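Down below are the structures I want you to see.
In the two complexes that follow, chain A is the common piece, with chain B as its partner first and chain C second.
And then the complex of A and B:
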C-alpha cells in the first residue's frame, strides 16, 4: 500500500518489475536511469553478484512532481529472477502498488515465464493480494532477438500463455534498444496512480 | 470525488508523464547513425530553409495530390489554417504511413521521425504547446520537401537531417528548460555494467537496509559454520 504523508502532502508509490531470471528487468530500469538521468536526480541502487546477476534487487526512486497538490514519489524495484531467491522476491513485493511483469520472448523461456507468473500470483496471495486486481502491465521483452534469427514466441502465443485471463495492458519491447521501455513505465505509473486515486481520494476535498 | 476531478487528475498525470518521458519518441542513438565517417559538417553553413510556409501556390495540392508528400502537404496546410485534433491525428497517421514507405532511406525516415515527435507533442499539449513547435514543424516539412524532390546525394541529405536534429534538440531545450541544463542533450549510450558501482544504501528505506544487513549476517554465519564443519 502506498505511503501517504498528509502533512507533507506526499505519496510514495511502490512499483515492482517482476519476471523470470535474465528476462531484462534490470535492463529496463538501467535504460530509464540512463536516458532520463537529468530528470531523475537520484541514484539507481543495484546489488549484483560477481556474475552480474541481481542478488537482492535494483532500486530506482524518482519524483514525477505534484499531482493535485500531492508530490508523487515513485520507487521502482526489480526482483532477482532466479528461483532460489523467492524470499527476497516476497520481501520486495511487500506493500507493492503496481507490477510490471517482464516476460522473455525467447521460445526457450516459455515455461519460465509461466512459472514466474504463477510464482508472482502465489507470493501476492501470501500478502492477501490478488494479481487480477492489482495494477499490472505485461512487457514482452527481447523482441529484437527475432531479427537476429533467435527463435522468439509470437505475441499471440505469449498472450495466450500469460494474459488470457488477466487481460492486462501489454507491450512488445526491447529493453536493450529502449523500444517501449518508457511506454511500459508510463503505463504502469498511470494505472497505479489512478488506482490510488480511487483508494485514497487523492486530491479530493 | 467527481468525475471532473478524476479526469483532471488523469490529464495532469498524463501531461506530467509526457513531459518526463518527452524525448523517447526520437531515439538519439538512431539519429547519431548518420554521423558516418564520410560526413564532414560545415558548421558555418547557415540553414537556408527560411521560407515561411505555406505559399499561395500550394493550394493546387488540394485538387490533385499525386506526389509522395502531397497528402501530407494538404494536411500541413490545413494545420496552418487551424490546428485541431482531427488534422493532427490525420497528420500523424500520414506520417506513420510515410515512415513505413521510406523505412529503407535512413535520412528521409529520420525526417519523418522528427515529424512524428513534434506532432505527438503538439497533440498532447494542444494550446499549451511551445509557440516555436509549429514553426519547427513547417521548417522540417520544407526541408523534407527539398530532400524528397531534389536529386540530393546521401551526404547532402544527411547534412540536412543533422541540422534539423540539432534544431530539434535546441527546441526541446526551450520546451523543457528545467530538464535541460544546456543545449547539449544527453544521448543514450549503453551503460557499463553497474556491478562496479559501489551501491549507496543510504537512500534505501530503513526496513530494506535492515533486511540487507540481516541477510549478509546470516550468509556470513552460514559460511563460518560450513568452514567449521570442514575443519572438524
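And then the complex of A and C:
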C-alpha cells in the first residue's frame, strides 16, 4: 500500500510493470524517462544482466504534483520477466498499488502472456491481494511489428486470452515508437490515485 | 506478507529526534528509515549529503530481500549484520522489527563498532514507538 507521510504531506505510490520476458516493460520506462524528463528528478535505476535483460528491477520516480494537499510521488518499477526470476519478481511486487501488464503481441508469445498473467495472479495471492480488484491496465505491446510482416495476434484474440474475465482497461501500444505508452501510464496513475483517494480523505489514518 | 505503515506526525517527529540524537550527532552522513516495499519513511542528513534517497531505498529494500532469501536457503533466519564498506563511505543496514530497515551512511571517521552500538540503541527506541 502507498505510504502516506503526514509530516511531509507526501504519498509514495508504487506502480509495477509486469509481463513476460522481452515483452517491453523496460522499454516503456525508458520512453517515459525520455519523454517526461522535466517531471523526473533523478536517474532511472536499472539492475540488468550483461545482455540487457532485467535482473532485478528498473526504478523510475515520477512527480505528478499535489492532490488534496499531498505531494504524490509515483514510483514506477518493472519486474524481470524471465520465468526463473520469480523470487525477485515477488520482492518487487511487495507493497504494489497498481499494475500495468505488458503483453507481447507476437503470435509466438501467446502462451507466455497467459502464463505470466497467471504467475502475477499467484504472486499477488501470496500477499493476499486479488488481481481482480487491484488497479490494473493491460497493454498489448509491439503493435508496430505487424507492419513489418511479423505475425502478431489480433487485439480480439489477446483480449480473449487475457482480459475476458478481468475486463481491465487496455491499450494497443508500441513501446519503441511510443504509441500509447503515455496513455497507458496516465490511465494506471489515474486508476491508482482514485483508489487511494479514500485513504487520503481520512488524512492517512 | 504485505504490509502498510502509516505513521502519524508525532511518531515521525519522535523517530527523527531519536535518529538525530543517536546517529547524526555521532557524525554519520545520512540515515534513512525505509519499509521493505522501498518507501522512504524518514530521512535525515548532516546537511552535506545529497544522495538520491528514493533510489537508495528501492535498491536497499531489494538488496535486503535478496539477502534474506539467501539466508533462508542456507537455513538461517536472517543475517544480523549487513554492511557494505567503501573507500570513503560505507552503508550499514539494520532491520527494525519485522518490516522496517534503517540505512546509515557514514565516513571513515566513524567507527563501525560505535556505530553498531548506536544503531542498536536507536533501533530499540524506535521499536517502542511503532
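Basically, the second predicted complex is superposed on the first by the 199 of 205 C-alpha atoms of A that agree within 3 Å, B and C clash if a C-alpha of one lies under 4 Å from a C-alpha of the other, contacts with A are read in each partner's own complex, and residues count from 1 in each chain.
As a convention for this text, a contact is a pair of C-beta atoms (placed from the backbone, for glycine too) under 8 Å apart; a residue touches a chain by one contact, two chains touch by 3 or more.
Predicted model only: the values in this text are computed from it and were never measured.
Engineer: So if we stack both complexes on chain A, do chain B and chain C clash, or do they fit?
Structural biologist: Here the two partners, once superposed via chain A, clash with each other.
Engineer: Quick one: classify A:7 as touching chain B (first), chain C (second), both or neither.
Structural biologist: Only chain C; A:7 stays clear of chain B.
Engineer: Considering only the touch criterion stated at the top, classify A:42 as touching first (chain B), second (chain C), both, or neither.
Structural biologist: After superposition on chain A, A:42 lies in contact with both partners, chain B and chain C.
Engineer: Looking at the overlay, does A:108 come into contact with chain B only (first), chain C only (second), both, or neither?
Structural biologist: After superposition on chain A, A:108 lies in contact with neither partner.
Engineer: Looking at A:30, would you say it contacts chain B, chain C, both, or neither? Reply first, second, both or neither.
Structural biologist: The first partner, chain B, only.
Engineer: In the overlay, answer first, second, both or neither for which of chain B and chain C A:185 touches.
Structural biologist: first
Engineer: Kindly classify A:128 by the partners it touches after superposition: chain B alone (first), chain C alone (second), both, or neither?
Structural biologist: A:128 contacts chain C only, not chain B.
Engineer: Tell me the contact category for A:150 with respect to chain B and chain C: first, second, both or neither.
Structural biologist: Neither partner.
Engineer: Name the contact category of A:64: first (chain B only), second (chain C only), both, or neither.
Structural biologist: A:64 contacts chain B only, not chain C.
Engineer: More residues of chain A are touched by which partner: chain B or chain C?
Structural biologist: The partner making contact with more of chain A's residues is B.
Engineer: First (chain B), second (chain C), both or neither: which does A:197 touch?
Structural biologist: A:197 contacts chain B only, not chain C.
Engineer: From the options 112-120, 184-192 or 202-210, pick the one stretch of chain B whose C-alpha atoms clash with chain C.
Structural biologist: The listed stretch with clashing C-alpha atoms is 202-210.
Engineer: List the residues of chain A that touch chain B in one complex and chain C in the other.
Structural biologist: Touching chain B in the first complex and chain C in the second, residues 42-43, 45, 47, 56, 59, 61, 75, 88, 91, 204 of chain A appear in both lists.
Engineer: Provide the residue numbers of chain B that touch chain A in the complex, in ascending order.
Structural biologist: Contact set of chain B toward chain A: 1, 5-6, 8-10, 12-14, 16-17, 20-21, 23-24, 27, 29, 179-181, 186, 188-191, 193-195, 197, 199-201, 203-205, 208, 211-212, 215.
Engineer: What residues of chain A sit close enough to touch chain B in their complex?
Structural biologist: Checking each residue of chain A against chain B gives 30-31, 33-39, 42-48, 50, 52, 56, 59, 61, 64-65, 67-68, 75, 88, 91, 176-178, 181-183, 185-186, 189-190, 193-194, 197, 201-204.
Engineer: Hey, which residues of chain A end up touching chain C in the complex?
Structural biologist: Spelled out, the residues of chain A in touch with chain C are 1-7, 12, 14, 42-43, 45, 47, 56-57, 59, 61, 73, 75, 77, 87-88, 91-92, 94-96, 127-129, 204-205.
Engineer: What part of chain C is in contact with chain A in the complex they form?
Structural biologist: Going by the criterion above, the answer is residues 1-9, 12-13, 35-41, 52, 54-55, 58-59, 61-62, 65-66, 69.
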